[in-house]
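Contents: one structure, followed by commentary.
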Amino acid sequence: MLTDLSGWTIAAVVVLGVLSVAGGIAVFVVDSMARATFALLASFLAVAGVLLAFDLVYLAVVTALMMTIEMAIMAVFMIMFMMNPAGLMPMTMVHNARGSALTGAVAFVVLVVGIWTVDWPIGRTERPEDSTRQLGEAIMGSHMLVMLMIGIGLFATILAGTVLATARGRYDRFGADLAAKRPDDPIPGGLPR
Amino acid sequence: MDLSRRLRAWALARPRVLIVDAPGTVERRWAVEAELDRRGWPLAMSPADTDVLLVLGTPGPQLALAIDVLWSQVAQPRHRVDLRATTDLHHRLEETLHALGAATPKEHVDGALPARAGAGHSPEGTDDSTHEGMEHSRHEGMDHSGHEGMDRAGMAGMDHSGHEGMDHSRQEGMDHTAMGGGGHAGHHMHHGGEVAGLPMAETAPDRDGLALDVLRVSIGPVLPGWPTGLLLRADLQGDVLTGAGLSWVDATDDGSSPPADVHPQRAALDQLASLLLVAGWPTAARDARCARDGLASTGQSELATARRRAARVARRVRRSRALAWTVRGAGHLPSERGSAGDGDVLDRVRRWCDVALGADGHVPASPASLDEVAAVLEGTELGTARLIVASVALDRSAANTEPEEARA
Amino acid sequence: MPEAETAAAAWGVLPAALLVTGVALGLGWLVAAVDRVVLSGGGGAAVLEPVRSSVRLLTEQRRTTLAPDRLLWRSGIAAVPVLAVLSMAVVPIGGRTLWSSSADLVWFNAMEALLWAAVWLVGWGPNAIHALTGGYRFLAQGLAYELPLMFSLITVGVGAGSLRTADILSAQAGLWFVVSMPVAFVVFLASAAAFAFWGPFGAPTGADIAGGVTSELSGVDRLLVEAGRVIFLGATAAMAVALFLGGGSGPWLPGPVWQLLKTVAVVVALVWAGRRLPVLRPDRVVEVAWTVLIPVTLVQALVVAVLLLSGFYAV
Amino acid sequence: MLAVLSLFALVGALVATLYGASSLMAIARRATDVMPFESGMLPQQHAASRYHARWYAITILFLAFDMEMIFMYPWAVVLADMGVGAVVEMFGFLAVLLVGVVYVWREGALRWT
């Protein structure tokens, strides 16, 4: 399995793997919400780098793309709602250090034992010429049902998230009978309604 | 050595200028802006963007403090010009270029550049006149300000930064700030103390049901496209202003002098220029400035050109759908005073355009009162607030235009 | 097969990377010069001004503020130009891209998406209210432009049946994509202005917040951010030429010359049109982006998909 | 892969060179230590606080919509082979999400609070 890969790739994977773990640790070491968020992003970007080293370009790039946007949005919420966003006051990112350390150690041991004892299947198929195309074929073909389910799930997320997040709804904007011509909003938008 | 000096002189041939116009220097500012536009020297947005700090007229004590704070925030190479008259403008600007190009770090640190004839301040502001100005400021600030704490903080910072002190003694300066602020802002103290000399923001409920941090901020007295000397103190919840209060710095209530009698068309174009700058339309702002400057000329053909130019920019702004879309609905002022200042930002922009067109005998919209404007700013987002302030005519009719001379 | 056609393969890795960097700087200079000419109202001498400003910023002292988040601030500043140049890796130069993969368009998209983090960090770092507001404005603007931009890129991918720049170029041998996807073309260029926070989408650096994210930057820090902006604009103009205007195709003249001419034309048109508009404030843009732009770009994608299935694009 | 890596190294070196050039050419090598710009006044509090973003409701819609991009890029590649079925499926999927957008719009969540 490893023999398919060049020495450079293995070196890159090792370095990036260490970086991603270091980023993950940094999340809990730094005492600023902004730094914690972007340490996590650094970790994800290192993972994207690992994928790139394996020549899974689409997955790598899409990981970087999605995670950057999501971490930027997460930073907004972290800084909005958590205390001490800039880490100007001393604080700690961890609670219940002993219990979590124990849990973490156990999980680590279980996973490591699992990784080294499971009889992993050996890839028999040829590496595809174009992994993006292969992914598309999978999504539009055999895994279409999954995608449709995700679509419904995302729709439910949009609705539920909006209901939970907003303090005002259409009755606040257009009146109890929804008869107002122009909505009553604190900040007007780009459209008349 | 010589090469690097020449390189710097070349690089600084079009320095960015931050203009601070003391009250009563409107026409002087126009003359200066005309000259800067002619030379292609851009206007700076902030001290970080500044090479030349150009002070027009004689600032009052509080404005002088603000200028000193700004000056301490400008990175080297930098040069400060105090312009009391525009007669030798060309000469002074050439001198500025020379000073900027000749500046070396050593000279800057030592403040050893010789003070030039006619200049109140050396480029580093370390000569005696500057010191005196600062001592003077301290007294005035203490006597006349409703915000002694902050003014003292400003002054305390300046005691150091006037001598490049920000480099080595920020900590000390900040301790002063904290002490100065303690008197009027004692309620900060319970909030977990201070970090690096500044308190953290406090928490307050918001109109959308969240209780997040609110930040005490000052908008003004010196910002691009902002009436110099106007000070907006407010709480920012995110970028939404609450508890806004407007005042003029150096305002005194010893009688009112009428605003200088300026060309209404030029005044309207000036108002448009600053509004367009705030609205992020630099090309239109440039055209408005250009027309405004042209209207000062005496030659018939230049005047006709300037009129055409004014008409063109006014029509362009008036018809712009993008501008209408982006400013519409903001800043409805109550209309109890009849026709003058009511309507939203867009209505006021269009009235300025009408005056700029010069077609009818419109007088510029009569000035709005500060309290009225402050009430409209309540709950607006920062960008909208800037547009609202830029769209109304504010003058210091209740304030003395030349406080120092009046008191002297 | 297209792997052999990359610039790296044709000219060697290092020369090709050097060329791409050089072209990126050239494009940045082009955008800055045209912008300066438009802003100052003419005058050919303005073309030297970007060089002058760069030297001035190099000789200027840097600043740091009270209690900044120095690490994040400096990372954001350095990331802006680095991302801009990296996005050039999939922009064809003389018909060849530096790197070719099965997801070139996504690469371009990802480099731009990383700006979300970089620009926000530049605003967050200095612990200053104007910069902070600018950083948040950029994210708000991102919520508006990101999806229309993605849809316009996907529309191109649908038309070519590939996300590879080289395939997209060859798919336009018959007809330029701009003919069948004008909406995607306009949205792509408008998004360029949005992610380079320039012109009508310049709210993150607006004059109303004293320059926003750049309000605390001086010296080389400011130079890097400004350079990143103009390189991104230039790279997007060059990419627009490749994606919609047939790249180097054209009669009589050799391909690279055509490509250069088209890129210059796109840059001039973009800057000229952008500077004719005031800043469109994010709070207004967001609503229109979701209720108008996204449906319109989706209809554009649908039209292209139907055209593809009806054999309009001779793949 | 190697090409991208070398481009990254090159532009990284360029940035480093610019910083080096700046420290050689700049009139003062050390950065000046200033108070944050607050239009002439000294700041009264640390600006880096719990910033109240006014558009947080939109982010939820955005993230949900953004997820679907993961599918749409590969979809574009295989569309020609898959035929009409793929178009119907993808745009059906998008139509569901657009219904969500309409709902959010009517609730006023596309406007800032």
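We call the chains A, B, C and D, going by the order they appear; numbering starts again at 1 in every chain.
The definition used in the following text is that contacts are C-beta pairs under 8 Å (C-beta built on N, C-alpha and C of every residue); 3 or more make two chains touch, one makes a residue touch a chain.
A quick note: this is a predicted structure, and the numbers were derived from the prediction, not measured.
S.K.: Tell me which chain's centre, taken as the mean of its C-alpha atoms, is farthest from chain C.
M.R.: That would be chain B.
S.K.: Provide the C-alpha centroid distance between chain A and chain D, rounded to the nearest whole angstrom.
M.R.: One centre to the other, that is 14 Å.
S.K.: State, to the nearest whole Å, the distance from the C-alpha centre of chain B to the C-alpha centre of chain D.
M.R.: It comes to 33 Å between the two C-alpha centres.
S.K.: Where the CA atoms of chain A average out and where those of chain B average out, how many Å apart are those spots?
M.R.: Spacing between the chain centres: roughly 44 Å.
S.K.: Which positions in chain A are in touch with at least two other chains?
M.R.: Each of 34, 58, 62, 69, 73, 76, 80-81, 86, 88, 130, 132-133, 167-168, 186-190 in chain A touches at least two other chains.
S.K.: What are the residues of chain C that contact at least two other chains?
M.R.: Residues 55, 58-63, 66-67, 69, 102-103, 106, 124, 127, 129-130, 136, 139, 146, 163, 210, 215-216, 219, 283-284, 286-287, 291 of chain C touch two or more partner chains.
S.K.: Touching at least two other chains at once: which residues of chain D meet that condition?
M.R.: Counting only residues that touch two or more other chains, chain D contributes 1, 4, 25, 27-28, 30, 32-35, 37-39, 43, 46-54, 59, 61-62, 65-66, 69, 73, 75-77, 90, 101, 104, 110-113.
S.K.: Chain adjacency by touch: line, ring, star, complete or other shape?
M.R.: Graph shape here is complete: every pair of chains touches.
S.K.: Sort out for me which residues of chain C touch chain B in the complex.
M.R.: 38-41, 43, 46, 49, 52-53, 55-56, 58-63, 66-67, 129-130, 133, 136-137, 200, 202-203, 206-211, 214-219, 222, 275-281, 283-284
S.K.: Within the complex, which stretch of chain C touches chain D?
M.R.: 6-8, 13-14, 16-18, 20-21, 55, 58-67, 69, 78, 81-82, 85-86, 88-89, 98-99, 102-103, 105-106, 124, 126-132, 136, 139-140, 143, 146-147, 150, 154, 157-158, 161-163, 210, 215-216, 219-220, 223-224, 282-283, 286-287, 290-291, 294-295, 298, 302, 305-306, 308-309, 315
S.K.: Once bound in the complex, which stretches of chain B touch chain D?
M.R.: 4, 7-8, 46-48, 66-67, 69-70, 72-73, 75-77, 103-105, 108-109, 150, 153-154, 157, 161, 166-167, 170, 177, 181, 185, 188, 195-196, 198-203, 206-208, 210, 212-213, 215-223, 226, 231, 237-240, 381
S.K.: Would you tell me which residues of chain D are touching chain A in their complex?
M.R.: 1, 4, 46, 48-54, 56-57, 59-71, 73-78, 81-82, 85-86, 89-90, 92-93, 96-97, 99-101, 103-104, 106-113
S.K.: Which of the residues in chain D come into contact with chain B in the complex?
M.R.: Interface residues on chain D, with respect to chain B: 25, 27-30, 32-35, 37-47, 49-54, 112-113.
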